[in-house]
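Letters A, B, C, D, E, F, G, H, I and J name the chains as they come in the text, with residue numbers starting at 1 for each one.
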Amino acid sequence: MITAIVLINAERTKIRQVGEQLAGIEGVTEVFSVSGQFDFVAIIRLPNNEALAELITEKMANVEGITKNETMVAFRAFSKYDLASMFEIS
Amino acid sequence: MITAIVLINAERTKIRQVGEQLAGIEGVTEVFSVSGQFDFVAIIRLPNNEALAELITEKMANVEGITKNETMVAFRAFSKYDLASMFEIS
Amino acid sequence: MITAIVLINAERTKIRQVGEQLAGIEGVTEVFSVSGQFDFVAIIRLPNNEALAELITEKMANVEGITKNETMVAFRAFSKYDLASMFEIS
Amino acid sequence: MITAIVLINAERTKIRQVGEQLAGIEGVTEVFSVSGQFDFVAIIRLPNNEALAELITEKMANVEGITKNETMVAFRAFSKYDLASMFEIS
Amino acid sequence: MITAIVLINAERTKIRQVGEQLAGIEGVTEVFSVSGQFDFVAIIRLPNNEALAELITEKMANVEGITKNETMVAFRAFSKYDLASMFEIS
Amino acid sequence: MITAIVLINAERTKIRQVGEQLAGIEGVTEVFSVSGQFDFVAIIRLPNNEALAELITEKMANVEGITKNETMVAFRAFSKYDLASMFEIS
Amino acid sequence: MITAIVLINAERTKIRQVGEQLAGIEGVTEVFSVSGQFDFVAIIRLPNNEALAELITEKMANVEGITKNETMVAFRAFSKYDLASMFEIS
Amino acid sequence: MITAIVLINAERTKIRQVGEQLAGIEGVTEVFSVSGQFDFVAIIRLPNNEALAELITEKMANVEGITKNETMVAFRAFSKYDLASMFEIS
Amino acid sequence: MITAIVLINAERTKIRQVGEQLAGIEGVTEVFSVSGQFDFVAIIRLPNNEALAELITEKMANVEGITKNETMVAFRAFSKYDLASMFEIS
Amino acid sequence: MITAIVLINAERTKIRQVGEQLAGIEGVTEVFSVSGQFDFVAIIRLPNNEALAELITEKMANVEGITKNETMVAFRAFSKYDLASMFEIS
């Protein structure tokens, strides 16, 4: 299972449509319009690298109104259990 | 319920410790080390603005090794249901 | 009550109209044209997160002539009373 | 009467102290810790340019823990009355 | 009396016209085409903040060919007399 | 006669000293502390390129507390007379 | 033999075509669509500087849909053998 | 099999050592010192995401002298065969 | 005699024409297409500041296809003779 | 023969020494201290890629006081003869 976070900017007049289209893409589990220098953050979870490649280079490329997107691939998820083990072991 | 996404950079030699400490903060639901210009993305879910203020300005400020953090507050979550209603109504 | 500060750039020939339209949006308490790399700073005060989301993604998106906007959500307001208590307590 | 808005970054471990010290400076009417790439936004209102000069180059320079500050001087305040007159006159 | 310095970029084919139009604006005391990342530096001296506001948001906005401008308001002028007094007093 | 404009940043605690030292350098005709992303703007007028070279690479390099400086050499001064001739001739 | 790495951005709707056209250029040994702020990384291996010059300023300039490209010329390839010798000698 | 390209900056006095250490990391197939704003480009090929995570957050974090690194994960490799099929099919 | 170095970006489809036009301007002694974030570096040698001003604001402004140019005026040329004298005197 | 242009920043107090040391490196044909965001431009001419690699990663890395350097490798030199042939042929 692969997780990716995508930072997205969109044309000002298409904010709502871009948000709705992003939410409709399979593999996009959450889409938030956000404060700051980006317009959206999308959280993506997909079974393998091939599916992620297709989502970014095909499906997301077809969403009209996106002006910029920057994908961050998650290397590793840190959890509270890691923290617990940290005090026990190391 | 408030959602925030935090982009975080850390000292190179403290990547693992920073990830583990972030994961241990109440309200941090997910922490990912990621590819690209940032080291971590943290997803935060908290009951209200006061709790978010405390997490960012107090708890996260105490994590040793963080060099930069940029918080994005989620304005709105887009879901597949919005998409469905978009075709029906507008 | 939520406070947000928005940094705004506008098309050069629409500076006055953008300023006036921004001032007319409910929840925008102050709009200043400013020196420096931004054209305007707008101060926003609204009862809750939903109203802020609507202002940014709907109402402000409809102001013609805005080329870029970056919203900063206020986490906490510091006041002279905090300062007083700082010397008394901590 | 002059209005200025100051965008401020501070050392991570001194967020609270910087906020409190800023709030205690005469002429600083509001200080907010904020989301995004800056740590604070301070709103300043002073009777004249000389007082503003002193605040920025002397008083704010003495606040320990500030790493960067960028002042925007307000040229003009837009109000709902301007909007009203816009529809009547132009 | 207020002094402001404006950093200006213009369309490449309108460099000469922009320089000449800037020089013709009342309150603009000097305009230089310059080396580096900006095309022009304009020095402005005006009796009060209102006149500066009008120059930036109205008159300069009407100069065709300007693509970007960034105004710096002078807080304080340092002179050789300050230097003299520095060695005497402090 | 050569004109140059220098954009300068200084250490926060040395703002006043840097301003005073800059003002004391021969050839520096004006120094302003300014709003925005730079701390100072210095206007330089010198008889020839050699004198400018010495000021930038020797004298200004000796001012303690400067963290960054960016020099813009004036190519040409536009004046109201150019404007006049523009309407007459071209 | 010269190696160069090219960071490439393309129009969002032409991602696939740009990737395929890049792959078809002689001397381009690998083209990857990538996560982060760039869309593609191309690895180039050519017999001499003249061939590289032609690839960048002629052939790549003819690929429709590229919006930006930044070439990095490899100075030196480090290999595991260097590492081995490092421990032996120095 | 996963491919990643890493853009790396290093301390000026440790260029050679950093290059040699990078070359010695398992999974790093090529390391080039390069012209431009980065010091090195490293090409990484590893069997799965877990191995990539370990290389970036553990092994590369231990290379002394690296000041910044930015990883780009390859989504898809374009080849001359894609180009061939493009003309045949689409 | 004045030396200036100009960093130039051009439209992708006009790289060759821009290079050739730049080379044809009197005072431009060398033009190189280069790797990295700029497309060209032009070396300029002219008898005085007025000639440089005319080249930058008139002649180079007429070259079609240039999208950005940044001029650096040489303050001083360092030579091997300076080095020799450094060891002898200081 | 390879030509490279290097943009260099140095510590403020070591401007003169850095300039002199750069001028003393074999293969560095010209060094200029320059106006703008960089401190020096060095022109390099060397017989082959190996010599350039050694200059950048070894010799220039040993110059004390350089804080940043960015090398641009010349792909092609445009000359007035190209211009002549352009009008004749194409």
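Of note:
We adopt the following convention: a contact is a pair of C-beta atoms (placed from the backbone, for glycine too) under 8 Å apart; a residue touches a chain by one contact, two chains touch by 3 or more.
Computed from a predicted model, the values in this text were never measured in an experiment.
Under the contact definition stated at the top, the chains bordering both chain D and chain G are A, B. The set of chains in contact with chain C as well as chain J comprises E, F. We define each chain's centre as the mean of its Cα atoms; on that basis chain F and chain I are separated by 22 Å. Rounded to whole angstrom, the centroid-to-centroid distance between chain E and chain I, based on C-alpha atoms, equals 27 Å. Chain A and chain J have Cα centroids lying 42 Å from one another.
Under the contact definition stated at the top, the residues of chain B that touch 2 or more other chains are 19, 33, 35-37, 53, 56-57, 70-73, 75-76.
If touching chains are joined by edges, the resulting network of the protein chains shown has some other shape, matching none of path, cycle, star or complete graph. Interface of chain F with chain D (complex): residues 12-13, 15-16, 19, 33, 35-37. Touching chain H in their complex are the following residues of chain G: 3, 5, 17, 19-24, 30-36, 38, 41, 43, 70-80, 82-83, 86. Against chain A, the residues of chain C that register as touching in their complex are 4, 53, 56-58, 61-62, 66, 69-73.
Those residues of chain H that touch chain I in the shared complex are 35-37. Of all residues in chain D, only 2, 49, 52-53, 56-57, 73, 75-76 touch chain E in the complex they form.
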